[in-house]
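Take a look at the following structure, please.
Labels run A, B, C and D following the written order; every chain starts at residue 1.
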Amino acid sequence: MPVLRSIRERFAVERPLDGVRVAACLHVTGETANLVRTLIAGGAETALCAANPLSTRDDVAAALVERHGAVVQARRGEGPDAYADHIGALVKSRPQITLDDGADLISTLHAVGADAGMLGSMEETTTGLVRLRSLDGLACPVLAVNDARTERTINDRFGTGQSAFDGILRATNLLLSGRTVVVLGYGWTGKGIALRARGAGAEVIVCEVDPLRALEARMEGFGVMPALIAAERGDVFITVTGGRDVLRAEHFERMKDGAVLANAGHFDVEIDLAGLRALAVEVRDVLPLVEQYDLGGDRRLNLLARGRVVNLAAAEGHPAEVMDVSFALQALCVEYLARSEGKLPPGVQPVPDAIDDEVARLKLASLGVHIDVLSDEQRAYLGIWAPDAPVEG
Amino acid sequence: MPVLRSIRERFAVERPLDGVRVAACLHVTGETANLVRTLIAGGAETALCAANPLSTRDDVAAALVERHGAVVQARRGEGPDAYADHIGALVKSRPQITLDDGADLISTLHAVGADAGMLGSMEETTTGLVRLRSLDGLACPVLAVNDARTERTINDRFGTGQSAFDGILRATNLLLSGRTVVVLGYGWTGKGIALRARGAGAEVIVCEVDPLRALEARMEGFGVMPALIAAERGDVFITVTGGRDVLRAEHFERMKDGAVLANAGHFDVEIDLAGLRALAVEVRDVLPLVEQYDLGGDRRLNLLARGRVVNLAAAEGHPAEVMDVSFALQALCVEYLARSEGKLPPGVQPVPDAIDDEVARLKLASLGVHIDVLSDEQRAYLGIWAPDAPVEG
Amino acid sequence: MPVLRSIRERFAVERPLDGVRVAACLHVTGETANLVRTLIAGGAETALCAANPLSTRDDVAAALVERHGAVVQARRGEGPDAYADHIGALVKSRPQITLDDGADLISTLHAVGADAGMLGSMEETTTGLVRLRSLDGLACPVLAVNDARTERTINDRFGTGQSAFDGILRATNLLLSGRTVVVLGYGWTGKGIALRARGAGAEVIVCEVDPLRALEARMEGFGVMPALIAAERGDVFITVTGGRDVLRAEHFERMKDGAVLANAGHFDVEIDLAGLRALAVEVRDVLPLVEQYDLGGDRRLNLLARGRVVNLAAAEGHPAEVMDVSFALQALCVEYLARSEGKLPPGVQPVPDAIDDEVARLKLASLGVHIDVLSDEQRAYLGIWAPDAPVEG
Amino acid sequence: MPVLRSIRERFAVERPLDGVRVAACLHVTGETANLVRTLIAGGAETALCAANPLSTRDDVAAALVERHGAVVQARRGEGPDAYADHIGALVKSRPQITLDDGADLISTLHAVGADAGMLGSMEETTTGLVRLRSLDGLACPVLAVNDARTERTINDRFGTGQSAFDGILRATNLLLSGRTVVVLGYGWTGKGIALRARGAGAEVIVCEVDPLRALEARMEGFGVMPALIAAERGDVFITVTGGRDVLRAEHFERMKDGAVLANAGHFDVEIDLAGLRALAVEVRDVLPLVEQYDLGGDRRLNLLARGRVVNLAAAEGHPAEVMDVSFALQALCVEYLARSEGKLPPGVQPVPDAIDDEVARLKLASLGVHIDVLSDEQRAYLGIWAPDAPVEG
């Protein structure tokens, strides 16, 4: 994780977080440990609990406590009560800055009025942001790291674009070349998946409800059509809309024998599993991650990873370098909140462009890529006074 | 222009512009005539003058007057005085809505205080928007049609992406396959050009000053490097930054014999022509749109169209269907300003998403493409109450 | 034409054609002049007549005679009698080596028994090769330059792949992005056209009769289907099969209003023009190279360049660098025939791989590209004794 | 394996192999079992031994014996003596047709003079073909199934193109987007790998020794350069030349810290492992399939799967549908040899085009793809009398 490492090295010198109390409710994994160590290197007193007990690595938790001095409240497989206790413990530690993956920590702080006076918070999921935007009277700023441009670019488009197919291939060992792949949803992630499907030799069909996205997909040369028609043509279907029941009985009924169903959206509701089960005369496991739904009449549909997000459930999730960018963004946001000293307005707000730019700059450096800088004359011509502002094409 | 036609047909029925005085300072071409006819069909009293006397088609102007009842102040090749007179005439007509291509009309109205009370204005160039944003006390709303998402997508990325190469091929009859194309600037247009260069079999190098754009280019698999290094590798150079002196002496000095220089940005200042001339021992016209600069030492650089925007200067500019989308957007913006009845705040503001969506929807229809709609349950799940809001991927 | 120039420079030193009588029946153009000058530089006595009187450039013919000492029998627009006379004159000159574009010269020589004792001949069209393969008792070797791998790669795939769209855009100024392009025929040229159509943002459908080609197209991710179904989906149709009546009444009847018909095959029989005319209620010229066939019922089809090969009829044919490779191949074949001194067997035969390799090597040099060479150990491992034999992947 | 299944169904009806003795020395896997069952369905008496004891699945061997009546000589992990015995047993069974994966069986038959009188043999590796072409006096025909066009297209280009990256991703979880991938060797497999690398968002550099292949790579827009220069630029290196020591000390010394080395060629000699070891100050296993060679000076190279063919060693080898095509080809070749009744000339010879076409046709059918057929008039125009001959583009 070279981007985060370069930030850690700077933090160790500048100590921008000296004495700041930070609490994080995240997946307790090796990558998260790197983030925690970075915050500690910057001077923060850091406490951590697990956003999901199933992903907790106890060895990582132990090392953070013993070697790096973090407070960690997490045990693999812990139940709901333990989770509530751990959140409670973090709340009691009176954090000044929080990091969330689902908004549980900041919501609890808000419920007890402890968000007032905080330097700020961060949330890295769409779901958490929806939740926070609907809260009344949020008393501290919340940076929407989930919506940052680097996050969208690296994580959604290029990260999931690759890892979704990594999951599909590990589950099925299917040859993508010569197949028709139907991508349902053409948001950032859907764009990445459509691009990689084409790059793997598939014919690609996109289904959308948003006219501008649908138009963009069409202008890229993809087939665009209603899902009901695509259902008859596809060999592989990938849902990535953020919505629910994107594929349902009326689609299953039109699909070809052997069609593969995968979900790359966050929740396992994009494929209507109950509807699929109701149509099936028999369901059998044909491979470790493939359930075959026999619909009778010589038609069998293959569901991957029970409809859970396929890059995590069937492969290793994101490459470490994707997490590197996400956590670098979070580390810089913690620094920004600390340096802003509570002067930011309360409520959900975007990550400042300057942070996005800095992450991009560090990522380019890690790739060994150098770029140009504007001369003063060029800057004057463009009417730019801020340093390093972009040139419009 | 099927999109604009469908709007014209609706306007003729609904008459949303009945009695509204509209003035436009645009290129007086066949495409513009279609826009003017659409406004008239909607009930507007429309006056037109020429944003650029060189593009004026006198036959089009005559037909608008004689057949469609527009007031037209334009003559091909007219001088600056005539231009000032024509703007003045339009100002005197006390327009309620204006359309600009460079902000001359609205600026003049503002200078005499006539923007107060106007329903609003529209501007379709980046340059015009920069100018308007720097004006003090603009008293009416100005819709930044130049920044609308459909405009950016269809016009910049897909339109110029294609037509820039159309211009380069007509000027040179060069085989792009096997060549190294250097694209300077990776904004919307630069993205389109890089995409098409790759699609034509070229190796593509991108030069940028903005780190996030540079990172995005790199993640797409393009070579990204400083222009000084790219200068040694490129066979064809295309500037599209919006800035100036992007290619200059230090670059020319490193370029290979036979390199081709083209500009796809709005102004002819992206390639430093004076710097190029200063280095040359001889300049000769080798083809109608190709000037060869002999730098001595067996190195010759080929400048296309004297550095003017290559898709307009060497080919036919945008395909009609690109203008169709641009003018559809403008027609709908005129309607929006008329229906808003002066309730919008003053100042430059974005085109509402609903207008972008409507243009996309009409364009999809013209391509014969149908898309899905959300069910009520799906809409509820997504927390969307407005009609036709997009699904996040 | 840097490849041919490098050969001319070597020929001028080595004089491999000293005193050899060469006769060529080719298009009398600037590119051909470069070939003739190369042969003369190698020592050949060269005579030239025009394969097609419409392409003859009289100034080129004159310069070849006056400045370079060639014998030229060609006048722009000459009739069939003059053509026969010119062929006759070349036959009388008792050439030792001939170059043909359609096999007229060598056929005439064969008819009078003058092929016996010749060093050999070359033919650069598929049609000419079909004709020669059906001849009884051809008495000299004929090199099938048309089938050489460099010719197929550079000329067919990359040359026509680009120039066909150059022609279509010049004729129509159509935006390819978002369109469905149907490519009929997936030979070398069809592959190039399909590749470029995709690279321009189109959705691509391929129609074929050969199962292996159809399979290859499908594995590349193209839609593959019978032409009758594709007829309903396409916006642009391009025939490139080498056959006839590829598009005919049954297809026209299914096409969408506004469909564009172009031919990129050698002859204008791929689109059944008579059949199209028979269906039309009206035909009008809508643009210089576009005839619109109104089929009634609001369906109009747009035929480009009257069905003649679109890259030649609507654009400038091949880029000069494509002809550079073709004529370099021919120059090296003349040398090979001269150096073989009549020891080759009679009949049509492939161009030796070593010549293809040499042309590729010179072309790479002209592009500034360097490649690796095998060590002796690597060569031994591969069991290769000949110099520079390829490594199999 | 739908293609092989359709052949099995026909064989069961037509019994083209009735009483023919067939012996095969292949990998004893589930896919091979399908081939053996197909031959048995066609009436053959079939014996099988294992070309590689490590790939033998004992359960498959048992099932072939018990359920399908094959003779199988194979046990997982058997030593060289057992292998020799098994080959010997097959030789003694006096096969009329043999299938080989490395030419051991037919070579042994030839050594004892038993190839005389055989109906023929097949060989599916390049290495085996090299070996057979160097044999004196081979007395029966050998079909080079390895060189068949469907085999090259489906297996090499599309199969290995995908599965090589499947292996690399499983071993490293690397993000390909934004990386520079160097492909050494641009034969059929190298083409597939380069195509997929680009499709995954990488910048691609090709290294070659063959000028025509190098030119083709360049015309596709790939960077082409000597391996010594590419060594400094690459993030991931993939060898696929068929040769040896393609990457060696001089390349390792120039590589960047963190570079990944993978081999997709048949043998593990393409990366000079001894040379790599000699440069390293330390070697450690960093992941199950990744050895890190620390070269000192902050440079570490990551070798995948100890240089063995990465799609087999790090992933599951080919998708089943790739083997389906390979074995369909072999089944049809067995039928062809049986029906030819010994009338074919002895020696290595290509698979007849009609068999390639039939495999392609069956594969298209399995993909649900339909294609056109020529009319009699079209066929006459093309001068084709054989059924279903291809149309030249």
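The rule we apply is simple: a residue touches a chain if its C-beta (ideal position, glycine included) is under 8 Å from a C-beta of that chain, and two chains touch if they have at least 3 such contacts.
Everything quoted here is computed from the prediction, not taken from an experiment.
Using the average of C-alpha coordinates as each chain's centre, B ends up farthest from subunit D. If each chain is reduced to the centroid of its CA atoms, subunit B and subunit D end up 52 Å from each other.
In terms of their C-alpha centroids, the spacing between subunit B and subunit C amounts to 39 Å. Distance between chain centres (mean CA atoms), subunit A to subunit B: 35 Å. Residues of subunit B in contact with two or more other chains: 158, 177-178, 198, 201, 215, 218-219, 367.
Because contacts link each chain to all the remaining chains, their graph is best described as complete. Against subunit A, in their complex, subunit D makes its touches with residues 158-159, 161-162, 166, 169-170, 173-179, 195-196, 198-201, 256, 315-316, 319-322, 367-368. Across the interface of their complex, subunit D is touched by residues 126, 130, 134, 149-150, 153-154, 156-158, 185-191, 207-216, 218-219, 224-227, 240-246, 265, 269, 356-358, 360-361, 363-364, 367, 369-375, 377-378, 381-383, 388, 390-393 of subunit C. Across the interface of their complex, subunit A is touched by residues 177-178, 198, 201-204, 215, 218-223 of subunit C.
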